Amino acid sequence: MAWSSIPVARVAAVIRIFVTGGTFDKNYDEIRGALTFGDTHLAEMLRLGRSRVDVSIRTLMMVDSLDMTDADRELIVRNCVQCAESRIVVTHGTDTMVETARAISAHPGVAAKTVVLTGAMIPYAFGSSDGLFNLGSALSFAQVLPAGVYIAMNGQHFAWDRVRKNRETGVFESV
Amino acid sequence: MAWSSIPVARVAAVIRIFVTGGTFDKNYDEIRGALTFGDTHLAEMLRLGRSRVDVSIRTLMMVDSLDMTDADRELIVRNCVQCAESRIVVTHGTDTMVETARAISAHPGVAAKTVVLTGAMIPYAFGSSDGLFNLGSALSFAQVLPAGVYIAMNGQHFAWDRVRKNRETGVFESV
Amino acid sequence: MAWSSIPVARVAAVIRIFVTGGTFDKNYDEIRGALTFGDTHLAEMLRLGRSRVDVSIRTLMMVDSLDMTDADRELIVRNCVQCAESRIVVTHGTDTMVETARAISAHPGVAAKTVVLTGAMIPYAFGSSDGLFNLGSALSFAQVLPAGVYIAMNGQHFAWDRVRKNRETGVFESV
Amino acid sequence: MAWSSIPVARVAAVIRIFVTGGTFDKNYDEIRGALTFGDTHLAEMLRLGRSRVDVSIRTLMMVDSLDMTDADRELIVRNCVQCAESRIVVTHGTDTMVETARAISAHPGVAAKTVVLTGAMIPYAFGSSDGLFNLGSALSFAQVLPAGVYIAMNGQHFAWDRVRKNRETGVFESV
């Protein structure tokens, strides 16, 4: 309803969200007793956060980022390049988040865009997830940061080439 | 620990958080069967979000914002002026959040500071709270927005004089 | 499906559940910022508990038990008497649970029935509710206890005339 | 404290709880991104349920029931035989719960005891767990059922030799 008076020329949402899986979206499969991927929780999380940000969500894949292939990364890059929006959030497993950020930043087609990758250490389906905090943070950074490719984790943002994940502590650190 | 190599001259945390109560921090009193205020959940929420933002939390009061007096607002303004930090988050009941934002913005002592007020529609102690999303959002906006007084709700940010709360829908809208 | 071989004469579920409100079913009204009653959470709770008990749920009223009138209690008693099931669970506010149990037990029409009243100290909608534990407990006691009127709280069961709620601790105690 | 006036001769709690692991107690290891066992959640769950049942908890092992060995089962049986309590709850993975129940029932030393095995389809650490419901149910059945070895799942109880787990639906069924 907020958009009822928007001129016809406007075709893009304010923010495009690309879902790629990662811990964010892991579920517990009660028949197999194991972690698994089902549908993304993104829409539910935005509803819970009472988000009024105009977003358009597209699920590109549903994988653990350790299993992500070069072809998967190409798909993510191509979507970042081709989408109409200039502000993008990518949900992604934390283990190779920086690698994907590098691939995105290497393409000249995103030079004028703000791309924020985020994820979670604990699945959203767990009561104790950091996912909702990270999503609020990433959406906010994506609205105000200048063009560039960023990692948003732990309430902080980092230029993609200034950060690494500390595998022992699970924390993203400046380098 | 991340700050071990910070030069001696640095005295302030990156962000000061002032807690004033509001729905954010309402608890359920199981003996009286009613909503009540206890200690703030801010520290617990930052832990859950695995926040690594350097913050300093101070509880100024614990009130429903409909009960907030002029003296309460003066206390909030004075703390915003006097604290060493130039980036501030204020947790606040949503009903009079804009009124307090106006009081803060009226003081010349905050002209160079970024102040972000945020809150929640559902208490954090409820499973379905928007509080964690809003906190992630407010902390992020507070790190990157230029000096000014803002409301951060529903994943969006508004200059304090460009927003009102719609009492019927519970949503903050541009004016 | 478990009932496919049940003889035609069987018309009643194993357990009848009467919902009367109480803390169990209190919600948080985000527009008014207050506790309120909406629809019962009973069906959702049974789904969460993966209950396979054959139950039939009827909502008789949705009130705080401190507001329950004599007419309300008559309605509860009449339903306990008239329902086809001989095993009954009543969800009820804790403050006057014993009073309603007394009213039920006074009617000769329930002499051959097992009636278990239960409730919660914290609303189910709160993450920290005791409701799911109490519901599992009450349903189990209702299946195996002999005819009589009981209170099931805190994992325990009490004959209705051997228990009182300690208003200071919120705990049901033997008398 | 409730037991301060209990005569000296009383040495046993009302119910002994033996913890063996299973889905009940699976955690999410955020560094490894996998399910794991840490400490049991039993005490926390009893606190959440505001349980006033006099229990004594002992963790015997912390394993997935598919990995349980004959030696593990002997340990469970021996503890059921030797403990002073005549009412016992065993938390256990669902996949081989019936097998352990059979081993317990085969020992003459438990002939006079009521032993109830229970578990969960979803880890307690997940928001959507059936664990709290099952624990309330198992503790209640353990207090009132006559001597025997039982499975308590889905709000129901079964004699150990009258039930099987349907691996496709995850539901315990009468046989």
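The chains carry the letters A, B, C and D, assigned in the order they are written, with residues numbered from 1 in each.
In the analysis below, a residue touches a chain if its C-beta (ideal position, glycine included) is under 8 Å from a C-beta of that chain, and two chains touch if they have at least 3 such contacts.
Keep in mind that this is a model prediction, so the values were computed, not measured.
Taking the mean of the C-alpha atoms as each chain's centre, subunit A and subunit B sit 25 Å apart. Between the Cα centres of subunit A and subunit D there is a gap of 41 Å. If each chain is reduced to the centroid of its CA atoms, subunit A and subunit C end up 45 Å from each other.
Residue positions of subunit A touching 2 or more other chains, listed in rising order: 121, 127-128, 170. Taken chain by chain, the contacts form a single closed ring in which each chain touches exactly two others.
Every pair of chains meeting the touch criterion is listed here: A-B, A-D, B-C, C-D. On the side of subunit B, the complex with subunit C involves touching residues 23, 28, 30-31, 33-35, 64, 93, 95, 121-123, 125-128, 167-170. Those residues of subunit A lying in contact with subunit B across their complex are 2, 45-46, 48-53, 121, 127-130, 132-141, 143-145, 152-157, 170-173.
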